[in-house]
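Consider the two complexes below, in which chain A is the common component and chain B and chain C are the respective partners.
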Partner chain A sequence: MDIQIIGQMVVSGALMGLVYALIAYGFQLTYSTSRSLNFGQGELVMVSAFVALSCTRLGLPYGLMVPVALAFGALAGLAVERAAVRLALQQKSEGWIMLTIIVGLFLYSASENIWGRDDRPFPTPISSDPLHFLGIDVTPLELSVALGALGVMGLIELFKRATLLGKAVEAVSADPDAAELVGISATRAVMLSYALSGMVAALAGVLVSPITTVGPTMGAALVLKAFSVAVVAGLDSGFGVVLVGMFLGALESLASFYLGSGWREAPGLVLLILALAVRPHGVFGRAAIRKV
Partner chain B sequence: MRGAEFLALALLAALPLAVRNPYALGLLTLLAIYGVLLIGLDVSVGYLGQINLGQVAFLGIGAYTAGLLVARLGWGLAPSLLAASGAGLAVGGLLALPALRLEGPQFALATLSFSALTVTALNELESITGGAQGLSLTRPLLLGRTLESRGFYWLCLAALALVWITMRNLLGGQWGRAFEALRDSPIATDAMGVGTYRHKVAGFALGSGLGAFAGGLYAFNFQYLQPQIFTYDLMVVLLLGVVLGGRKSLWGAFAGACIVVLLPNLLSSRRLFLTLALAGFAAALAAGVRALAGRRTGAFQALAPIAATALLAAGGLLAKHTEDWRKAIFALMLFAVMVGLPEGLMGFCSRFLAGVFRVPPPALPPPARLDDALPVRAVAPGALLQVTDLRRHFGGVKAVDGITLEVLEGSVHGLIGPNGSGKSTLVNVVSGLYQPSSGRIRLRGAQARRPGLMAMARAGVARTFQNLQLFSELSALDNVMVALGGVFRLPLPLVIAGLGRAEERRAQADALALLAFVGLEDQARTRARDLPYGAQRFLELARALARRPVLLILDEPAAGLAHPDVLRLIGIIRAVHQRGITILLIEHHMDVVGELCDQVTVMDGGRLLAEGAPEAVKRHPLVLEAYLGAPAEGLGEAAP
Partner chain C sequence: MPRPSLRPLLLGLLVLPLCAGDTVKIALTGPFSGGSAPMGVSMRDGAKLAIAELNAAGGIQVGPRKLPIEVVERDDEAKNERGALIAQELSAMDDLAGVIGSVNTGVVLAGDRHFQEKGITKIITPAAGSQSMTQWSEAKVKDLSIFRFAAHDGIQSSMVVAEAVRRGLFKVALLHDSTNYGVSGRDDLLRQIQAQGGKLKVVATEKFNIGDKDMTAQLLRAKSAGAQAILIWGIGPELAAAANGLGKLGMKIPLIGGWTLAMSNFIDNAGKNGNGTLMPQTFIEEPINPRVAAFLASFRKAYNVTRMPSPVSAAQGYDAVLIFAAAVRQAQSTDTRKIKEALEDLKEPVRGVIATWQHPFSRWDPANEQSHEAFRAEQAVMGMVMDGKVVFANPADRARLAKAGMGR
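What follows is the complex of A and B.
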C-alpha cells in the first residue's frame, strides 16, 4: 500500500480526532470538579449544532452564529447540571449517570421532532478546497476544526491558570472541602465547569457539522469516541486527550480503510475496554490510593 | 407475598384462555421475555449497584446464538436456549473480569462500549449473522411438537416463573446479601472474607446469562433478528424500566417490563395518555406540596417532578402525534420518578401497602447461645502474629519503616503513637489491605502465600475500621450475617432449589446472639446507616466477631464514643478476650489501653519507639517526648 495514502488517512483521521479530543476535554472539565460527567453530552453537541443551523437559516452571519451557539451550549450545560447532577452530588450517589442519560434522551427525542430525523448539510464560509502539503491534501475546513479545538482548550487552560475565578475552579478540583473552607463555593465551581463543558460541546458541534452533516444521531457516534478518548487518556489527564484523540482518529480512519467502514468504531471501543482493564486511571492519569 | 406471586402467575397463565386477540398475546409473550431480561439486569443495577449499559448486548448475543443454532445447525428448542444462556454467562464472565474492577462511570462506559462493539460485530460478520439483512428462523420443536403462539407464551411464562423462583431463593439468601454488601463497601466485603471480586463477576455473569436466555426466547418469538434491534435506544429503555419499576425487587423488574411493553400502546390513545399524565401531575403536585409543607425534602425534589409531569400533560395537549414523542415522554416519566420516588414504583407501593396494612416483618428466631455463635477458643502459648522488619512506603513517605513486632496468642496488644505515626498503615498492611513494600508477616508461623484482605480474612484475621466501613444499606442483622463464617455450607444448586431456609434461620440466630453480645439486639432490623454513631461502632465489632477470628484488629474503636459507651466497649473487649481471641488494639484513650492491654507497642514516624507493659511505656521518656513534644524533665518542672 502506498505510503502517501496511509499518510493521508493518518492526517485527516488525526484532524477529525481533535473533535473527539474536544468533547473528551469537556468531560474532563466536569469530572475534575465534581467526579461526574454528562452521559448526554452527545445530545448537547447535536442540539447545539441544530440551534446553530437554525441561526444560519434565520440569516445570522457565521461570526454571530458561533457566539450564539456557544452561549446556548453554556446554558444547556447549566441546565444539565441543575436538573440532573446537583441533587445526585448532594446525595453522594451515582444517580447522575441515569439522570444525564434521561436528559440526553429527552433532548434527542425533542430534536427529532423539532428538526426532523434526516441528516442535513451545514453551510459554512470556510472553503473545503484541498491544500497540498508534501503530497497530502488538507482542507481549510479540517484546519479550522483543529485550530478551533486547540484554541478553545488553550483558552480554557489559560483561564484556569491565570484568573482568580479559574484558580477557584482548580481549587475545587483539588479538594472541594478545603475550597469551601476558604470561601469558594464548590457548587458554583461545578456550575461553571458544566457551563464551560456545554460551551465546548457546542463548539464541537459547530466545528464538526460542516464535515459530517447535522442529524439527531450525530451525537451518539461522536460521544462514544469521546468517551474512549477520555477514558484511554485518563479523566484527569489534561492535554493527554489531544494526543489520544489524534491517535484514535488516525487509527479509526485506517481501520475503516482496511477492515471496511462498518468497523470504523471498533478500535476505539476495543481500546476503551482494554485501557480500563489494564490502566483504569488512563494512560496519562494518576492512580489513587485506597484509603480507609 | 407468596400468595400474590402465585395469584399473578395463575392470572397470567389463564389470560390467553379468555383473550383470543393475537396482538394481546404477543404483548403478553414479550412481557414474560422482558421480565426475565429485566430480572437479569436488576442483578447488576440493583444488587451490585452498577449502571450496566451492556444488557442489550447479551440479549443480542443470546438471540443470535439461539437463532443461528436453530437456523444453521437445526438444533432443538431446549438445547439452543441452554447454549444461548451459556454463551451469555461465559461472555458476561469474561467481560466482568476486567470491567468489574471499575466503579461507577468507568463501568458504565465499559459496558456501553461492549454493546456498541457487539452491534458492530453482528452487523459486519455478514457471512455468519447475515449482517444488516437480518436472520430469519422458524421456531424449533419442543420435544417433537410444534408450539403455536399460545403454547409459546406458556413456555415463556414458565421460564419467567422458573427464573423468578431461582432468583428469589438466591438473592434472598447469602448471595444477595453479599452482592449488596460489596456495593456498599468493597473493602469491608473483602475484609470479612466474602470476596468482592468473585461475587461481582458471578453476579454480572448471572445477569448476563439471564439476558441471553431472554434473548433466546426473543429470537423464537419474533423468528427474525436484525443487529439494529439491540442498540443503545433499547438499552436505555430497559435500564429505565428497571429504575422505574424499582431496583432490587423481582416485582419491580416485572413492573418495569409491563411499562416497557405497554407504553407504546398507552401512547396510541391521546385521551388515555392525557388522563395518565394528569393523574401523574396531580400525584406529583399533592406529594410535592405535602413534602414542602412538612419540610421533608429539598425544594428540588418536590418541584422537579411537578415540572416534569406538567410538561408531560402540556405535551399531551399540544403534540400532534404523541407516539413520535415516545422517548421524550419516557424520559419525563423517569425523571419524575427518579427524583421524586428514588426507590421506584414498586418500592414505593410495597412501602405504602406495608404501612397501610401494618404488615409485620417475618419473625426472627430466638438468638443462639453465645457459645455456639462465638465458641470459646483454646489458647495455645506462643506468638500468634510475627511482623518482621515491615516497611510500607508511599512514594517518598515512609509510613511504616521497619517495624518488628510480636503479638502473643491470647493477649490484648496495644498499638499507640501520635497521629500520623503509621499505626493505621501498619494494621492495613497486616490485615492485607496494602501490600508491604518489604518485610514479612507471619500468622502462627505461616506466611500468607498471597497477601490480600481475603487471604488474611480466611486465615482468621478480622478487623474494624477507623472510618466506619459498614454495609450502610443493609440492616444491622444482615451486616452481621454477611460476615458469618462457617454457617453457609449448602451447595449452590440446593440454595437455588429453595433448601437454604434452615441455614438462613441458623445464621439469623447466630447473628442475633452476636448483636446481643454487643448490646444491639433491639436494633436488628435497623438499617446500619440509620443507627447512631456509637451503635455503628459496636455493630462493626459484632460483624468482625461473626468471622470467629483468631486475631481481632480494632482500629481506634473508642474514637468519638461518649464516656458511657467507652466503658461498655471496655467490657465487651474484655469479654471477647476471655473467649480466647487475641486482640490488636489501636487506641488513643490511654485509660482504655491501660485497662485492657497486656503489652503495648509505641510507634512514631513509622518506627518502633518503645515496647512493654502499659505502665512502663507510659513513663518511657521517648514516649513522653513523642506525645508532648518536650523532654521528660521539662514536663516534670511544668507540672504543679
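What follows is the complex of A and C.
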C-alpha cells in the first residue's frame, strides 16, 4: 500500500512536472539565441488557452483547434519579440525585462476584460477516467500531456539538428557575431526562436487546461515553477529541463504528502537555492568558456 | 452564461422612482462581478423580480396610498473596502428604507457597523459565515438593526455531520481552504462532531490554498487513512479540483460540504466527477409546488436563463424582499427604524418561495443571535449534484418542502 502511494505521488507529480518542463523549454529557446527571456510567458500560455477555448466554443473540432492555437501562440511570440525585445537587444540594454513584464500584464488585463475573471472548464475529447498500472491510477489526459510535451520538444530539437534553418539557429546560439559573418541573420534566428517559444507556450496551455481549468491567473502559478526548472536545469541545457521538471513535480507531490500540504512549494525553492549556490549554470548547463 | 436580454432592463424601468418621498427606497448590495458574482447576481435578480411584482400591483399600501419600491444597486465586488465605502454612502441617505444583500462574510464585517451606527435596517442574504451575527452578540449591543436571511454555517455544518452519520460514513477526512471561511468551517465541523456525540472519527485533516488545482496529496492521505467520506469547506474552483482529484484516483467516496458546492463554477468545472456531491440548500430549482413553479417560470422568462446561477441566492433574495415589504406594510411607514420594529414582530405570515414565514425574527436578544436569524434547520434540506443540476438528496424532503411552501 505504501509503495503504491509513493508510486502514485511520484507518477502524478512527474506528469505535471512535464508541463513545467515544457514552459521552461520555451524560456530556453529564446535565451539560447538572444540571451533574453519573455517574462510574460505565463500570460502567453493563458491567452493561448483562452483562444483555444473560444475556438472550441465556435465549434472547431479538437484536431483543428490545436493547430489554430499553436499558430496563435507563434504569432503572439513574434509580437512579443517585435514589441518588447528587438529594440532593447539592438541597444544592448536590459529593457526587455521590463517590457516583457509589461506585455504580460497587458495580456492579463485584456483577457480579464475579454473572457472574464472566472476559471472555466476546458472541454476535451480525451478521457479522464483512470487507467490502472500496477496499482497506480493514471488518466489518459495526463498521458496526453506527457506525450504532447515530449513530442514537441523532440521535434524542435530534431529541427535544430537536422535542418539548415535549425542549424542557423544553433549557430546564432553559439556565437551571434560569427554567425552574422557567415551570412546568417541573427535577428531572424531570434524571431524564429520567439515564434517557437510562443508555440510551445500555446501547446502547454492546450495540454494543461483540461486538468487545471482556464482562468486569467493560470499562467502565474505555472510560470514560476517553470522558471525554477529552467534555472535549475541550466538555461541552455536542452533536454535537461525534462529531467528537472519531472523531478521537481515528483518532489512537490511527495513533500505535500509527507510534510503536509502547506509545505508543497518548499522543496522546489530549496532546490533552486542549492542549485544556484552549487552549480550557478544549472545542473545540466555548460559553463561558458571565453577564449580571449 | 445567459445571453443579454432586454427583459431585465424593462424590469428595471418598472422600479424607477416616481418622485422622492413617494417611494420605498431599498438598496441591493452584493458582488455583481468577479468570482462570487453567481451568488450576488442571482440574489439581486431574485430581489428585483419580487420588487417588479409588488410594483406591478401598484406598490406597498402605506396609509391611504400605495407606494412603489425604488431600487438602489451597489456592486461591492466582494471586496471588503468597497463594502465599507458603500455602507457609508448608503447610511448617509436619509430616505433609505433599508438594505438587502451581501454575499461575502468579510464584506459584512467591514460594512455593517455603519448601518448599525445609523440604525439602518439591513437584511443580510445570502452570506452564511457565523461571524456576521455573532459579532453583535459578542459586542453585547442592546439594539440591533441587522437581520439575517440565510442558513448560517452553524446549521450547515450540523447538517453535514448528521448526513455523514445517517449514511453510516463514520471515518471522515476534513478538507478545507486556508481562508477564514474554510478554517471557521473546519472548526464548526469539529464542534458539531463533538456535539453530535462524537460518532464520526476524523482520520485526516488537510488544507488547500485558493488557486490550488492538484489535490492528489491531500486525497491520498485521506485514502490511506481509510476515509469513507470527505467533509469539505471551500469555494467553487478548488472544490471542483477536489472532485476531479477523486475521479482521477478512482476514489468513490462522497464529498459533503457547505452550500458553496452548489455554485455554478463547482458544478461546471467538476462535470461528472461532481455527481453525488451533497450540500445543505434552502432552495432547489425544481417546480415542487405551484408557487415555486411560478417563481421559476417568471425568473427564467425575466432573465432569459435556463438555469439559475445560484438558486439559493435567487430564492432568498426574492423572499427577503417579500418579508421586508410585509414589515413596511405593518409599520405603515418608510422610516427604517419603524420597519425594524415591525420586522422584529411580524404579525402577518409571508408566503415566500422557500417557506411560509411565520414571525421569522423576534426582538434582539444579545444573549442569543438566533433572535435575528430567520432560518432554522427545518428550512434547509440536503441537495445533491446530479448531471449539472442540484436535486433533492432525500426524496422525503421534496414532499415536505412542497407542502411547507403551500402555506395554509
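Everything that follows uses one rule, which is that the second predicted complex is superposed on the first by the 282 of 292 C-alpha atoms of A that agree within 3 Å, B and C clash if a C-alpha of one lies under 4 Å from a C-alpha of the other, contacts with A are read in each partner's own complex, and residues count from 1 in each chain.
We take it that a residue touches a chain if its C-beta (ideal position, glycine included) is under 8 Å from a C-beta of that chain, and two chains touch if they have at least 3 such contacts.
No experiment lies behind these values; they were computed from the predicted model shown.
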| item | value |
| --- | --- |
| Three-chain arrangement built on chain A, chain B and chain C clash or fit | fit |
| Per-residue touch tally on chain A - higher for chain B or for chain C | B |
| Centroid geometry (CA): angle chain B/chain A/chain C, rounded to a multiple of 10 degrees | 100 |
| Which of chain B and chain C A:Thr139 touches, first, second, both or neither | second |
| Contacts of A:Leu89 with chain B and chain C, given as first, second, both or neither | neither |
| Touching partner for A:Met9 - first (chain B), second (chain C), both, neither | second |
| Which superposed partner A:Ala277 touches (first chain B, second chain C, both, neither) | first |
| Contacts of A:Gly262 with chain B and chain C, given as first, second, both or neither | both |
| Which superposed partner A:Ser253 touches (first chain B, second chain C, both, neither) | second |
| Partner chain(s) touched by A:Ser128 [first = chain B, second = chain C, both, neither] | second |
| Which of chain B and chain C A:Leu243 touches, first, second, both or neither | neither |
| Minimal inter-chain CA distance - chain C and chain B, angstrom | 5 |
| Contacts on chain A seen with chain B and repeated with chain C across the two complexes | 260, 262 |
| Residues of chain A defined as touching chain C within the complex | 1-2, 5, 8-9, 12-13, 16, 117-121, 128-130, 132, 137, 139, 142, 211-213, 215, 217, 221, 253, 256-257, 260-262, 264 |
| Chain B residues within the chain A interface of the complex | 49, 51, 95, 97-99, 101-102, 104-106, 108-110, 112-114, 116-117, 120, 123-124, 187, 232, 236, 239-240, 243, 298, 300-301, 304, 319, 324-332, 334-335, 338-339, 342, 394, 424, 428, 433, 465-467, 469 |
| Contact set on chain C toward chain A in their complex | 33-35, 37, 178, 206-208, 211, 213-214, 216-218, 220-221, 223-224, 237, 240-241, 244, 247-250, 265, 268-269, 271, 273 |
| Interface residues, chain A side, partner chain B - complex | 36-37, 39, 83, 86-87, 90, 94-95, 97-99, 101-103, 105-106, 108-110, 112-113, 220, 224, 227-228, 231, 260, 262-263, 265-266, 268-270, 272-274, 276-278, 280, 289-290, 292 |
